[in-house]
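Listed next: structures, encoded as structure tokens.
Both complexes below contain subunit A, partnered by subunit B and then by subunit C.
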Partner chain A sequence: MKPGLKLLVAGAALAFFVALPQLITVKYYLHLSVLALVWVIAAQGQNLIQGYTGYVSIVQAGFMGIGAYSTALMGLHFDLPVWLTILLAPCVTAIFALATGYPSLRVKGHYFAIVTLAFNMVIFIVLMNFHQLTQGEAGITGIPKPGSRDGWINFRDREVYYYFVLIVAVAMTALAWLIVRSRVGQTLMSIRQNEDLVGAIGIAAWKYKLFAFVVSAMFAGLAGALYAHYQSFINPEIFGVAQSLDAILAVIVGGSGTIAGPVIGAFVVVFLPEYLRFADSFRLILYGLLLVLATIFMPRGIVGTLAVVWSKLERRG
Partner chain B sequence: MNTMLTKWTAGAAAALVLTGGAVFAADKTLDIGVSDALTGGAAVYGLPQANAVKMAAAEINAAGGIAVGGDTYMLNVIAYDDKANPTEASNAVRKLIDRDGVKFILGFCCSGATGAVASFIENEDAVMLVGNAAERSITTREIPNLVRTRPPADYTGAAAGTFVADKGHKRVAVLGALDVGFYASYVDAFEVELNKAGGEIISREAFSLKDRDMSPQLTKIREQQPDAILVVGYVEPAAFVYRQAVELGIDVPRYGFTSGSEEQFLRVASSEQMEGVWDLRPTELTLLSASDNGIAYHKNYSDTYGIAPSPSSPYAYDQTYALKDAIEAAGTVDDTQAVAAALRELAVPDEVVMQYLPVDGTMFDVNGQAYTSNGAFQWQSGNWVFVQDLPSDAAAYSAFLSTID
Partner chain C sequence: MTRTVLRVEGLCKSFGGVHALRDVSFRVDEGEVLGLIGPNGSGKSTTVNTLAGIFPPTAGQIFLNDTAIERMPEYSRVARGLARTFQTASVFPEFTVREQITLGCAVTLKSHPASSIFGFGRKAGEAEATAALVADLLRITGLTPVADAPVATISSAQQRFLMIATALAARPAVVLLDEPAAGLVAHERKTLSELIGAIRDRGTSVLVIEHHMALIMEVCDRIVVLNFGGKIAEGPPAEIRADKAVIDAYLGEAA
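== the complex of A and B ==
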């Protein structure tokens, strides 16, 4: 696809997302859209480490949890403004990511995935058992929304919060795009293709991998913070391994190693299980089946498949 | 011919009027929602609750529906699976309110999912009726449009502690799902009362919902030689604890807080392995202790679903009748504030199964919390047998609950 056309598609997508609240007649779908946009941010982070660097990390939801609990606890205990805690949440997550990323990235492939899985489980157990700080399974309620009730923008309004998260999601998607296009991004993709060769030409691959891992975690931390202030409630259940697998799925289904892929994948991961509610107890079986079929028949994800179809059409035309 | 036609017309008109009234009455449908764990580990509590609401709705419909002003409403239940997951529960409730237009939402077996919904329900034009979820904080915020039929876990834990202390046990080992908030609060309240009588908890060993091999924890407990063990947790892991305690030769009284039915326990442990086990819990449904309502509920549920009801399922059944009475008292199905206020003023309905202890004459106190009596049940020859009431001061606990922010 030509760059001009890509820009046109991106612009049309943005216009669609801006107009979405006006097109939606049932507010429930607006609620799902807010959640999907939160997942767009987390999935863009996941895509940096998984899609562009080639390392499958299974700790994205754990990092979302750190971001969510950081913003909630900083607000509750230090009485910091919501805006500040949202900004600090990715920074706190980055510190944890640095501590976990350094040992994790000493191993590759499946071993890396298993180590990060273990970290997610550790985060979950700590959130569950450190009652004095996290209130365990009961969770933290009453997490405030940004702004005051009498402020000129009412963030308690779902539509306003949608636009707020949309702005952040667009900004983070743009940031991911800038990273990918930069020299750092090119190095990350080189690591994905052949890490040994990258090392052989004198590039310290571990620094770039650590960068991707930490930035990925910061995306997740920010997503977690936005989730916490939207739902006003968090407990550890939301940040388990199953949710980390959702982040991986969002990247795979949407299109690994593409900027648009995580956007589409995040919406699929949030909306599909909800659309399948008509199937009652067969819902998750159907969900799993659809994902298996999608992975088999669309290994490059939705974006990759569309690109193939488009190039075929272009050749015929 | 004309006379004949006139007679037919008059007859048809009369028939229209007569049947028309019935058609109009039948046309009024009130959708009520259920958000509960219909699948997954917590479905042992959630699915029976959803079934109980459907059964109560069918009974109410068969008895003529809910009378509001001159209208009669038939109930239609829309149930969604929340898998006891907070995000799923939020999505399910948002869907019920925003898409399905439901104003009354029942069910809620599990605390995490319930806490998530409770965090935003105050801002919604809806009434939330919580069932089995026992986490105390759900009713400490005095949310005006939320009520709960099950008492908090620490209300029962304190009564259990007194009971075990009265049995003369001084050294009690605890094994349970201690990472789950309401089980931990049960044990904390239990410990306070045990300490008052000079007893102590000598160890706290934990298991998770999916654990099946409890022998490491039980072996450690056996070495500590406790006077008794206390097991708190979901039915299935608790049943494994009881079974494996016998297999490891631990011969001390076993107390628990599980609310499992006979059928649920017998899937894991034999009746011989369960013999003598105590369950110290709200006086929930067991056939041998049930009132006439309880016996009828047990029979109807068994006939309808082909399986015995879980002991905690009537919390949801009772919600439905409380809602019916509140709607009739408020005289509206549209004004949720009026219905929520009517719930707070409601006397205990005649049809309920649980044995509620009214506070100031009402089923729900100012916090929206209902209280049942607590009871000591013992497994005897394949059944849970009600042995005695546990001390339950609903008024005092209600006053205490009001002091918690």
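== the complex of A and C ==
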């Protein structure tokens, strides 16, 4: 696809997202759209390490949890302003990512996936059982919204919060785009293709892998923080391994190693289960089946498949 | 007096009870092409991998421009001027030929990698200098016609030349070519020997490991012969060809 056309598609997508709240009549769908935008941020991060660098991380939801609890607890215990705790949340997440990534990314291969999976389990257990800090399964309530009650922007309005998350999601998508088109992004993609050769051309692959992992965790931390202030309530339930698998699926289904992929994938993993409600108790089985079929028949994801179809049309046209 | 670029002293490497290298010493001078030959299992690949930093030596030292490098990781050695190629074509299949060589230049760049994300803090003229070097490497390796083709689509011989171009992009003082002629046909071998000459003319020393004797005898200034992990001979091609020990161990009477 030509760069001009790509820009046009990006512009059209942006216009769609700006207009979306006006097109939605059922309030519940606006709620889901906010959640999907939060997932866009987390999935863009997941795509950096999984899609571009080729290392599958199974802790994205755990990092969202660290971001969510950091912003909530800092606000609660230190009385810091919401804006500041939202910005600090990804930094706290980055420290945890450094600690897990440093030992597991010095080596090649599958250790990393296993270490991240184990770490997500640890995060979940700590959130569940460290009652003094996290209040366990009951969770933390009364997490404040950004802005003051009589400020000129009312973040309690769902539509306002939608636009707030949209702006952040667009900014983070732009940041992901800047990273992948740079020399750093080229290096990440080269690690995915042939890590042995990366070392042989004088690049310390582990530093770039660690960079991708820490940045991906910061995306998740930010997403978690936005989620916490949106719901005003968090408990460990949505920060488990199952949700980390959703982040992986969002990248695969949307289109691994593409910028548009995580955007589409995030909306799929948030909206698809809702549309399957008619199947009642078979809902999750059907959801799993659809995703398995999608992975088999569209291994390059929705964006990858569309790109192939488009290039065929271009050659014919 | 010619300067020594790479000096290997008393190199030993054991894998458990197997002594793959025993007290091997040699040097590569500035602008020299040194051949490393020997029968299978003589320790050539172990030498290359120890020099490149794939694994540490059991004993001995490696000096690159008088700096001991034997404990450095692979990537630091490249940054200091020791580049390598692999026995089998090792490439980035999804990149174009130009992209791969350009990435090979990354180690020489002064500007911080982060400057390429946000677009400020780049050193003036660096991008132009890189593009010029890449164009030059494309030319001497004969890859200019396929410069913008995806690496996966070029021939395996072209991929081997691409691997050499990528190693040269790091502007090394010495480049290790690990069996560069493997899988090449006669006219491609001729291009290869011309390329090795061109590399030397650019001031880069070459250490070439190769089984193809005609090529070795043609391009090398000196040859080191290994057998059972030890050095059995060293000298100019004519001398090596006549060496009794080398004939017995490797070349045979026909050579």
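Brief remarks follow.
FYI, the second predicted complex is superposed on the first by the 314 of 317 C-alpha atoms of A that agree within 3 Å, B and C clash if a C-alpha of one lies under 4 Å from a C-alpha of the other, contacts with A are read in each partner's own complex, and residues count from 1 in each chain.
Basically, a residue touches a chain if its C-beta (ideal position, glycine included) is under 8 Å from a C-beta of that chain, and two chains touch if they have at least 3 such contacts.
Keep in mind the model is a prediction, meaning the values are calculated, not measured.
Of the two partner chains, subunit B is the only one touched by A:L32; subunit C is not.
Between subunit B and subunit C, the partner in contact with more residues of subunit A is B. Legend: residue contacts after superposition of the two complexes on their common chain; A:D196 is shown touching subunit C, with no touch to subunit B. Contacts of A:R183 after superposition on the shared chain: subunit C is touched, whereas subunit B is not.
Contacts of A:L23 after superposition: neither subunit B nor subunit C is touched.
In the superposition on chain A, A:I296 makes contact with neither subunit B nor subunit C. Of the two partner chains placed around the shared chain by superposition, subunit B is the only one that A:H131 touches, whereas subunit C remains out of contact. By the touch criterion defined above, A:L313 lies against neither subunit B nor subunit C after alignment on the C-alpha atoms of chain A.
Contact residues of subunit C toward subunit A in the complex are 52, 73-79, 83-84, 86, 90-95, 99, 103-104, 106-107, 109, 113-114, 116-118, 166-167, 169-170. Those residues of subunit B that touch subunit A in the shared complex are 38-39, 80-81, 84-87, 90-91, 94-95, 97-99, 111-112, 115-116, 118-120, 123, 135, 137, 141, 179-182, 184. Subunit A meets subunit C in the complex at residues 178-179, 182-184, 186-187, 189-190, 193-194, 196-197, 199-205. Residues of subunit A that touch subunit B in their complex: 26-29, 31-32, 35, 125, 128-129, 131, 135-139, 141-143, 156, 231-235, 237-238, 274, 277, 280-281, 283-284.
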